[in-house]
Every structure is written in structure tokens, then in C-alpha cells.
Amino acid sequence: MRAKRIALTTALLGAFAVCTLAASVASAGVDHDRPGSILIFPKVVSSATRDTTIRISNTGNMTNQVRCFYLDGDTCGTIDFDLSLTKQQPTQWDVSNGRTVNLLDSFGSSGAGLDPGLIPAQGDFEGSVVCVEVVDDVPVAQNKLKGEAIIRDVTGGDDRNTSAYNAVAITSGTGSGTSDNELVLDGDEYAQCDTVHRVDFIPDDSPGLDPVLGETSSVVTNVTVLPCDLDFSRRAPTSVVLNATLWNEFEVQTSGPDTSFSCWASFSIDPASLNPATTFATVEYSASSPVVMVVESFHSDTGLGVSGSAARNVHTGGAASTSSITLSATP
Amino acid sequence: MRTQILRTAAIAGLALGVGFATGAPASAQSVTTDEAAGYVVFPRIVSDANDIFSTGTEIDTVIQLTNTAADPITVHCFYINATGTCSTGTNTAGSPAAECLTVEECVGEGATCDPQWSAADFTIVLSPQQPTGWVVDEGLSVPAPGDGAIPPVNTDYFVGELRCVQVNDDADATPVNSNDLQGEATIYEVSGSTVDVRSYSATGVQAVLEDGSTQNNKVMCLGGRDDAGGDCVEDDLGDGDDREYAACPAKLVVGHFFEGAFVGNNNSAATALTLSPCTADVATVEPTGLVVQFLVFNEFEQRMSGATEIDCVETVGLSELGLVFSANVQGTLAGQTHLRPVDSTGAGRGMIGLVEEALGGAGLSVSHPNGIGEGGVDVVEYVFPLTP
Amino acid sequence: MLKKARLALFAGIVGLAMGPASMAQAQTSSDESAAILVWPKVVYDSAGVLFGDPTDTLINLSSTATSSLKQAHCFLVNATAHCSGGSGDGDACLSSSSCGGGTCVPGWNEIDFNVFITQEQPLAWLASDGLSMNDLPIVGPGVCSNSPRICFSDVQCGGGTCQIGPNGQNNLGTGVPPVPEDPFIGSLTCIQFDPGQNPPAPDQSATTNALIGEATVFTVPDPNTVDGAKYNAVGFKATEGDGADTDNVLELGTPLDGAGAPTADYDGCAGTLIFNHYFDGATDPVATGGVSSSNGETSTSLTLVPCGNNLLTQEPGAVVAQFLVFNEFEQRFSASTKVDCLFDSPISNIDTSNNARSIWSAGVSGTLTGQTRIQGVGNAATGTGLTGVATLSIATATASTSAAYSLDQMGSVAAGDLLTIP
Amino acid sequence: MRGLKRNPWLFGLGLLAIPVWFGGQAQADINNDQAGSLIIFPKVVADGERDTVIKITNKSNMPAYAHCYYTNALGTCDLAGSSCTDDNDCPGTGDSCNVLWQATNFDIFLTAQQPTFWRVSTGRFGDLLQPACEMGGSCACDVNGPSGALECPGFDAGAAGGINSIAIAGTGTDFFGELRCYQTMADQSTPLGQNSLVGEAIIETIASGQISTYDAVHVTGIDVGTDLDLLLDNAEYNACPEQLIFASHGEGASADIAGVTTTFSTELTLVPCTALYNLAQPVTASVNIFAYDELELRLSADGVPVTCFSNNRLDDPDYGGIFDAALGDRDYLKTRIVVNSSDICLTGDNAGDPCDDDGDCPNFRTTDGGEDLGCRPSPGVVGVVEEFYSTSAGDSGHAAWSLTQTGSRQGSDIIANPDLAAGSLP
């Protein structure tokens, strides 16, 4: 009756003994350069033209159980799934396909290797992924997670809109970590996020503006922002206001339009207030509450009608502040 | 000294270069790609604006450098040129500097492609909050109220790095204890039909003190402090903060696809690793040699290892480091590699780097490795003004 | 005339207000996890020989345990009757009328099997297929606990253990046979066992009452139409903490303690079953007025099984079911019939083989809907408790559509029931 | 004859008998298969394509009065104009579903042991002279010309008592929502814990005649007060469950049923236990939904809102694809619906927001019975599941069944009724 289904389990979800978890001493931080206990991929896209491959590695020598959340930028709804990474195990999945659990995936295929867990597919998606180290659904910080997101161009044409960025890694704070579903990012339980971010960019309105592509070109710099105050248990979107202060190469300071959003936002930098616009400029966003950001610039040759993209992490301005991430309860 | 410039499909870059002052109690200062710093390194600068070897692709790099302080700052920078040159003085392009990627670009019997390591420095002034930027092939005259001139890279085909230090003034150029620099690099590869772009944040090495005071010499101790003789020695961060800069990490961890893995819609993966020793003796223009051990883990959590040697900043394709990086050997798409310098010739052992990934048909991207642990003491020494 | 009838009826009923039936809420339930599950109606008829259209039943069994492997020890009761003598000798039958002169003799035999179900796991199988080794979801290979080596057993792990299943639990040991006949009608009873005991015994631990079940009876009148009638299995909760019931006699509801709670192994069977229904032959109200459909007459079939059984001596429970039927004029009729192992019949054939003259016929009761209360009586050692399920069908232009629903339950059988297992 | 109800003698008798009745009620959880003083029909459809027949029986030997509320959750898409119950039902992006959440209420009266039924779209006409069916003839309702209500043999359940009048009004053919009835005293308003109502619903697809039946959710009265607030807190009435569980096919799974390839799709209907009829204001509950497959692997959707009435197929965007059968060949799933129990403001300016105390809920309302509707545990939910089968020729049969319940929320769900006498009905 049932299609023969060799759905073989990965026993790894508990295969290697989970040793006692001594949170290794690591300096507290929210950045892109160190393994952490919370990984945030602010910009995750799955559409007709682009897909995202998420790569997570356990840099520790103990099994690391992880609870991951897809946060939909439109509805602010979240779904979550569980991963179990053995020591030093890297894993990856395409957001559009998710990943199943089948030990007999063929050698070299996208499912080859110890499947970390069942990962749902997200066909038409724009939002973030947040992953938290846990033990049996209880947050316990090992600070061993590292991640990258590769947003791939899937058109197969001449566009090269492929970019990569490092996941924001939040380490445990100076305290003893948490044991409930409310992760307080106050420097004690977990490191604090920042409210000030600076982005160097090429403004999108002076003629012939891409310094390499010349006359027939345009550059659009897209900023993706996710508040560090997240409540997955109630779909309660956090409202944030971003004040923008811009400087052009002549050091002329202007104030850009405020950007207010709730839950998640992805917008292009508005250079209109630059006076005048110069080839290079910088913008400082001051947020009403702590956020994490990633930037992706799209460089187009309007003559050829093709574009290329490049993403990178955003500099923080040293104004850390407290926020909290509330996970949904489990049965 | 082996300078490897990948000619294969352009490589998307993953910045490799972040080490951290960890292990010690929470150190406010670190080697970071997302905070302002007093010393920034752009480990991967590539320029071939005129496609001198007729590959069909023009390559260029745009540097952005911004003063995040409310006061003007003076910045002293060094281009370090690691481009290979033909021993016979002649290359297939006939370019004056006879640049080469491999011996194939050299003309003449017995020719060899010898890596070089030379520095060219310049000093600029950035006004408060002033952003600036330039195409490395063209250089720039910093617009008022900033000041200073940035020369173009000194060879038609250029591979190397850029290091910039916040200094006291443009006459003396001694490092100061401040962290106000923020930088990004964007590498363009433009062919007849495609525009491919990848960008990374410069790696900042933060000064421990932030009082703006001028340091006592041009010997920058990363993870250490000056001794009486002006050399760098070990320093325990907790004892009075006389350590000058954060230490480079003890090892780097890179996430990557294995070579030839088919990702997404059959995009074949190829990854290039750029490693730049933290230690740099620009005074004597002596390259820093490091032996680097790598441990490679696949998704079956099987482990393989190997080692390589780098002489100064070097970009190497994972496929050139051995079959351990081949998807046909490892059998899975994703891999994790730990890189640890195991041998040093007396110099420090920290590294800064970049990971560039090419997905055939999809494009290029760059991201950072993570740094783990705290390395030893690294030294960056330069002389200014250069005695003619 | 009507006025007097209603007054009398009303006055008469008041007298009943003080009736004996204990108003305690029934303890069996069809919407809570339990330790014993009963699926009263399991049918399979590939060619529609017995039930008119090709029929099959999908059985769902799920665990609500959050941390441990559970075992369900199940008994599939085959109650298919066969013709004795006559031209249809040996054929399956529902009534003697189809035996060509022979008589339709009820049958009763049972097959038992084990299902090992892991924590939170949903399992399902079609009665016609059962569950073979190839259908089991968690049977390996696993991975050695001490190295990333794929394995089927500990031997291959050199000292480590071969971990099959995400939490080290797997379905090995499970085997569900297909139903033994085509056509087939019967019932299924599963009892939660504790696999940790040696030998496994009925589970009275703190994590008992971890099974839930449903069944969907599919009828396929033509290749383009699949009709389903789904109902929840009836559950008997184990009274936790009473220690493992190592003897093979499972007490359902006897005796009761002072507060009316059973001190026996399991909650009691319902004292009274109540079900709302259309009287047979009533015209579907959705075929009348408003936006109407072309469908026509309704018919309801009732399936009853005794709560108690002696599976050791292969003696089925035998209960006399007494029915009180009320129509919408509050007029009351009554009837009774014998439930021997399994009773399945259109309600208008409970009291007669002539549907039109049955008290469950709309023409006799006078209204479209009614209420039937069922109580078991008798002196069988296995007890007088009954449980069951009702199935409504509506004749449409092309075929008939069906839907199943649970019987409402009230009170519990004072004397309790006994389920004896091998 | 219907005047009988107003006869003081009988009225008095009715009251006399009631107090004797309710001692010694053993407490049972909220359930689907035992009688209750409050019955909830979570899914009632009368939208022109499907219709519903409600069957209620008074299982006691005493008459039973009840007050009922239809809540219509069928709205229209602002841009597309089509019918919807939430935004995801509206085609295209940026469209939203405009729902009025209209609650219409009516009374029913059942004599001892009386079963009754009515068809939701047409309602039922009260005519005691409607002849009983005869043996050999058909037994069907007639259509009352002017009103379109069905005239059927037997005492109707209308409380109006008039002959030749609408006993139970029809909703017409654009209704999709829920029905709730609570037992009352003869005044048809004061709550009464008689625990004698048993209900079932039959949902029928008009064109094909396919039917689904499910048992109503029965809430047992324990110690029912006389104020108009029904507290489902295991003291006055049984509390709603902490978790609801159901097993289903993976959404879009298919199997060979008696030789026919059948594809399965499941529709989940949830309604909050709390209802504020005195304020005509929708209440939002929040649930976390966990889907386990045969490999025990778990995917979950967090904080899914249930505003007044939620009716979605399992491939609805709100569930984020966690039920998708194609992901890893998931034929069978078991789903836990866990009620989010943190405190929220039930009414006031911050309705729906988390809170610590009433101070966080400015301008919260209070019921006529004096119950504060400020910072309270998030409402519980009850519901029903319906499964749809399709073959290569298109949609075919369907079947509904009750959700399994575990745990009992000590949370204080409340059904706040308006004071009918004070005419404060919205």
C-alpha cells in the first residue's frame, strides 16, 4: 500500500555521546569572525531567480544540537526544525529544497553525508534564519557554531548575482548562559547586539557612477535588517526606526529619511540627501533597538543589461544594547 | 616564495582573515571585520584593468576607506606587491614589469616566474567622518577637506595586499592608539557579457589603548608590547594594557564546498584561499614564511589533513592543495577546514585571510573564515620616511 | 389529541428523572490517549462482494510517548460469517438470504501481532496490506555510537552500539499481517505493553496511556470516486501506578472504589451508549429546499463489539444489547438483539429483516431523526459492556456516500468487564 | 401545544426537578463523546457549495433550554471580492480578507430525551401540525414557502413557542464559522450545568452528496454560577485542553486505495475557547504546531494565530510547509497543537500583546458579570480535522474526525455573554 520507502534514519541525532558541555572560554561578541552560540543569517532568499545555500559547521569536538528558525519577512511567522552536528561536522542545504534524512544518499550528492535532520523546503521565501545551540530543546551555549550564506543566481543566464556573507555569530556572555527559552542578549547570558551600523557604499544617483563599469552603469546597495528583539513564540513583530546620517567625500553631513519597519526589512540605501552625491559615501544607521545587518550591492552594466552582486557584513558602531530572543516552547 | 594567481573561472572571495584575542578574559579589542580599528588589512587586491594576457576578462579592485571619528585622522598605507615576475624580464604581454602568473606567461629559455615582495607606501588625511574610495589601477587625489595622493598600483598586472595604519601625522607617521578606520574592497571581473562582483570588509586589528596617544616607535606589536630595545615581546593583557594591538588568532576555520561539488542547479564549486601572515617587515622588505597545517572534515565527519607553505600573501586554489579537497574523494558537498601555522622562522604565526568561492555559471562570492584562540606575538615594522 | 399525547409523554418522562443509570461521566473515550484501543469496525472487500463496493480500511496508530519505545500487542478479530450448506456453502455472508438455502453462520477467530512504535511516531497501514518489514520506517541501517560507520547491528561497531533511529528506538519486531480473508469484517484491539519488562506485560507505568488511533473505511464505487468514513478508536485508560498486570486477565472497571474511580487495571466500559441518527429511509434535508443536491435516502449502520473477551479460550464476549429509541415526538420504542463477538447491521435490520417495518424506519418512527440509547445486559463471564461506531450513508444519484462517527458514552458498567489475553 | 412551555405549572415543575439532578457530577475533561452543558461545533459550513446539518439531543429526562451563537467568519477579499476566512485565502498579493465576525444568537428548547436537527442554510420552521411520516411513504421535510425554512415532522427545537413561525433561523448560503450552545434555565439566559446536550454535525458537499460527520466538543459543567460569564477553569466548567493531537497524511501524500490512486489533503479548523459575545470582538489565541513524521523527525510552526476562527488546509502559508509530504516522502504525520499559555491582554488598547498584569493592558474591559478582561492566560483552542480525497478525476470523498486532547489548561478561558435583559446585545 505504501510506496516502499527506504527511509533510513540517521542515528546521529544521538549517535555520539553528548559529553558534558563546558562552555569554552571565549570572549563575548556579536560579529562575523568567531564561532558563536546563536547564528543569524539576516538575508535568506528563495525565488525564481535566486536560491540560498546555508552552510553551518560545528567547530567543536562534541555533538552540537541546534534549533533553527525560518523567519518569514512578510508574515513574521516562524517555523523551526532541529539539527544535530557531530564533532567538527559541516553541513549544508539549499533553502528551496530543504534536506531529508536518508543515510543512503548517493556518494557526492547534495544529501551525502550524515544528514543533520529534516529541514523543510521554502519555495518562495524572503526572510532570515536563526539557529541556537541547545541540549534537548534547552538553550545551552557551547559557542561552536560557524556559518555562511551563499545567495546564488539560478537563472543560468549572464547575470552573476551570487554573493556570500558570514552569519552573525553571538557568543554567550560572561555569565553562565540560560536554561529557559528566553535568551537575554545583555552581555551576561549572551553578547549584546549593536544599535549603530556604518555602511560604506557607492551612491546610486550620480552619472557614470560605478568607478569600474563607467558610464552605462548603476549600483544599488540593498540593506537587510533584522531586530535582535525576536519573539518566535507569539509572532510578535518588533518595530524599529532607523535614523540615517550620510557623509559624502567632501565630508558634508546630511540626514537621510528615517526607515521604520517591523519584523524584518530589506531596502535600498536612499542617497537623495547627499549634497552633492560623490562616487563614494558612507551612511551611519542608528536604530531604536539593537539590530543585525547585512549589505548586498548590485552592480549593473546597463549597456549589456547584466548585473553582478556582492554581499558583505556591516561594521558596527560600538553602541551595544540589550535585547532578547524568545524561542517557542516545545511539547 | 610561491605566488599563485588563479586563472580559472574567477573566484568568489571569502575573507579569511579574522583572528581574535580570545582565551584571555573578555578582551575589548580584537581582530575583526565589523568594527573600526587602528590598523586595517585588505588581504586580496587584484588589478588587470587592461587584460594584458588577453584572457577576455578585465579585473579591478575598488578600495573604500572611511574615517569613523569626529576628528581628522592621518593614515599611512603600504601596497605590498606579490606579483610574480619573469626571470628573463620578458613576458608574453611585453609589459614593462614582465609580470607572470605561472611560467607560461614568461618568454625565453629557462625562464622562471619568481614571486616578488615589494612595498609602496603613501600617506593621506581623512577629515571627520570622511569616506573615500579609489580604483587601485587609477589611484586618487583625496578631495578636500581631506588631503594626500594615492598612487596607482605599480604594475599593469597586480596581485597583493594593502595595509593601512592610523598614524600621528604625515611627517612622522608613527602609529597612534586609536581605532577609527573602516574599509571595504570590491573586486570586479568584467567580461564581454558578464559583470561579476565580490566585496569584503577589510580586517581590522584594534589598538588596545584608545586615547589617541602616539606609540613610541614604528614597530607594531600585535599581541605583545615593546621591550626596552623597541622589540615586541609576549604580553599578558591583564597587566596594565601596555599591549599595543590585538593578537592574531591561533588558527582559522573555513567553511567551503569541496572542489568540483555540484551545488544547487549544477553549479560546480571552486574555492581559493588567500593567506596573509600578520607579521610583515616592510622595513627590510623581507617576506614572512609560514608552514600551514590544514585539517579537513567532510559531512561524514571523516578527517584528512595536509600542509602547505606560504612566503607572504598568497592565494591558492583548494584543488592545488591536494586531492583531500576534491568532492570525488570526500563524497559530500560541504567541508570544514582548520588552518594552523605550525612552523615559523622566529616571526609571529598569526594569519589573516579571505575565502573566494566560484560557482560555475552562478558567480563569485567572498566570506570570512572564523578565528579561534590567540596566536603569539606578530610584528609589523616599517620605516618612514624612507631614506632615499 | 396531540396535546394529551405530549403531556402524558412529558409527565411520564419526569418519572424517569430519578432513574438508576449512574450519571457519572463515562471513562472510556474516543478523544484521549489510552492504554487499550478498540477499532470496532475493520472491513476489506476488494470486489465489493459483501459490501456492494470495493472497500478497505486504513488503520492509524500513533504514540504520544515523548521519550520511550512502546509496544502495542494487538488482536485482529475475524468475525466474517460464512454460509453453511446451500449453493453458497463456505461463501462469506451477511445474512442467510445470500446462502442459497444454507444458513449464515457467524465466525470468530483472532490473530495477534506486535507493533513496536517509537516516541511521537505515527504509523498506518491498510487492512488489506498490513505492515511488512519493507514498510517499517525505522529499521536501519544505523550508525555506530563510537565511529561514523554505518551498521545494522552492534557486532559491526566493534565495541560501540549500532544506533538505529534518531533516539535509539526503532520498529524492529513489528509485523502486521494483512486481514486473512477477502471479503473480511472484524475488529482490532491493541493493548499497550511495556517492552522493558521480561516478558513484556501490559504497561501500568507512569508513561502508559500513550496510544491514539483512528480508522478510515474507504469505499471505491468507481475508479473516480473514493469515499472515506473516519472514526476515532475507543480508548480505555490504564489506572497508573497499579503495578504491571502480570496475570493475563485485564479488569475493565471492576471494582470501583468509594469515589467511583476504578481500582482495577483499566477504566470501565460505558454503561450506556447514545447515538443520534436519521431513521432509515429519511430523506436527506440537504436534498430539500435551499441549494439542494440530488441525493436521496439516508441509512445508518451500527457496529457493536463487547468490551470483554476471552482470547485465551477463544470464547468471544456475548452481550444482549437493549435499545431505547426516541423520535422527535419524544415517542419511545425499544428492542434488543444479541451481540456475539461483533454485530454490524443497518439499524432498520436490528429488529426485523423487513426494513420498512422496523422501529428504526422513518415511516414507522414518523420523524427524520431520532436518538437511540444502548445498554448491555446478560450474564457472560466477560461482562456486559459494549462499544461501537455508527456509519451514516446517503444514497446519491451515482453511488452512496458515507461518514462514521463515535457513539456518545455515559456512565460505566457497574460490574465491569474482563479481557483475558493469551 | 407549544404554549406548553409557558404553562406556569409545568414551568414550576421543571425548576423543582433541576436541583436534584446535579449532585455528584464526576469531573471529566472536555470531550467529544460525552454530554455537556456547553457544546461547540467548531466547523459549520453553509456557503452554497457545502451545507451542514446540526443534530442535538437532550439526553436527560428533564427539559433542556439552551442559548446558541452562530459566529460567521466568512469575509470577502478587499481586492479580489471572493469569499475568504483569512488573508491567505485571497489570491494575489497585498489583498486582505475583510471579516465582520458577526455573532447571531437564538434559543432552543428540547423536551426530555428529545433529538432534533436543522439544516444550517435554511433553518427550521415550527409547525406542530406537520404530519408524521407514514409507513410506505417517503419521509422528508417540506419547504415553508415564504421563509424557505424546512418544515419537518416532530417537535422543532425553537424556543419561540409560536405555531407557524421560524423555530431556528437559517444563515443563508454565505456562512462559514462556528456554533456554540450553552444550557440555561427557562429564562434562556442564566447558565445551568445540566450536562445533557449531545451534538453531532454532518457537513455535506451539495453537488456530490459526499458527507463528513464529527462529534461536537462537549464541555461539562461542574459548579455553574448564575452570572453570564462562563468560566472554563475546571471550577465552573471543564477547562480546554493544553494540547490537541491528530494523525494525518502528509499534505499531498498519495496511496493506492482499493486499486485507485488517491491523493490526501487535510483541513484543520481551530477556534479559541474564549468568546466575548458581549463585546462582539474577535479573540486571538496563539498555538505552536509540531509535526512528527515516521522517523520521529519534528518540524514546527511557531505562534500561529487563531483569530476567532481558523480554517486552513495544511499547505497554508501559515504552516510554512511543515506538513509537506514531498519532503522526505512523509506519508504519515502526527501533529501536536500546543496552546501558547503566556499571558496576553484580552481586551483594551494592547489586546493580544504579552503582559505581566492588568497595568499593561490600558482600557481593558470588564464583563457585565464583573470579570476583568485584562491580563489573562492566552486563550485555549478546540477544533476538528477534515480529510479530503481526490483521484485523477478530481475531488472525491471527505471525512472528519475529532482531535485527541491531552492535559487540562488551568488557564481561565471565558465565554462572556451579554445581558439580554439589559438589551446590551451588540
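Order of writing sets the labels: A, B, C and D. Residues in every chain begin at 1.
As a convention for this text, a residue touches a chain if its C-beta (ideal position, glycine included) is under 8 Å from a C-beta of that chain, and two chains touch if they have at least 3 such contacts.
Bear in mind that the values here come from a model prediction, so they are computed numbers and not experimental data.
Enquirer: Between chain A and chain C, how many steps is the shortest route if every step has to go to a touching chain?
Expert: Minimal hop count between chain A and chain C: 1.
Enquirer: Sort out for me whether B-C or A-D is joined by the greater number of C-beta contact pairs.
Expert: Between B-C and A-D, contacts are more numerous in A-D.
Enquirer: If we define chain centres by averaging CA atoms, which chain lands farthest from chain D? Would you check?
Expert: The most remote chain is B.
Enquirer: Measuring from CA centroids, which chain ends up nearest the centre of the complete protein set?
Expert: A
Enquirer: List the centre-to-centre spacing of chain A and chain D in whole Å, with centres computed as mean CA coordinates.
Expert: The answer is 42 Å.
Enquirer: Taking each chain's centre as the mean of its CA atoms, how far is chain B from chain C in angstrom?
Expert: 73
Enquirer: List the centre-to-centre spacing of chain C and chain D in whole Å, with centres computed as mean CA coordinates.
Expert: Going by mean C-alpha positions, chain C sits 26 Å from chain D.
Enquirer: Taking the mean of the C-alpha atoms as each chain's centre, how many Å separate chain B from chain D?
Expert: That pair's centroid distance is 67 Å.
Enquirer: Among the residues of chain C, which ones contact at least 2 other chains?
Expert: Counting only residues that touch two or more other chains, chain C contributes 124, 126, 128, 137-138, 148, 165-167.
Enquirer: Provide the list of chain D residues touching at least two other chains, using ranges where the numbers run on.
Expert: 255, 293-298, 331, 336
Enquirer: Scan chain A for residues touching two or more other chains and write them down.
Expert: 1-2, 5, 7, 9, 86, 101, 114, 331
Enquirer: Show me, using the given definition of touch, all chain pairs that touch one another.
Expert: A-B, A-C, A-D, B-C, C-D
Enquirer: Within their complex, state which residues of chain D touch chain A.
Expert: Residue list for chain D touching chain A: 243, 255-256, 286, 288, 290, 293-305, 317-322, 324, 326-329, 331, 336, 338, 340, 342, 344, 353-354.
Enquirer: Could you please specify the touching residues of chain B with respect to chain C in the complex?
Expert: Within the complex, chain B contacts chain C at residues 300-302.
Enquirer: Would you tell me which residues of chain A are touching chain D in their complex?
Expert: 1-3, 5, 7, 9, 69-70, 72, 75, 77-82, 98, 100-102, 117-118, 120-123, 231-236, 328-331
Enquirer: What does chain A use to touch chain B in their complex?
Expert: Touch list, chain A to chain B: 25-29, 31-35, 51, 53, 55-57, 59, 86-92, 94, 107-108, 110, 112-114, 146-148, 150-154, 156, 158-166, 169, 174, 198, 200, 202, 211-213, 247-251, 253, 278-282, 297, 299-301, 304, 306-318.
Enquirer: In the complex, go through chain A and note every residue touching chain C.
Expert: Where chain A meets chain C, its residues are 1-2, 4-17, 86, 101, 103-104, 114, 331.
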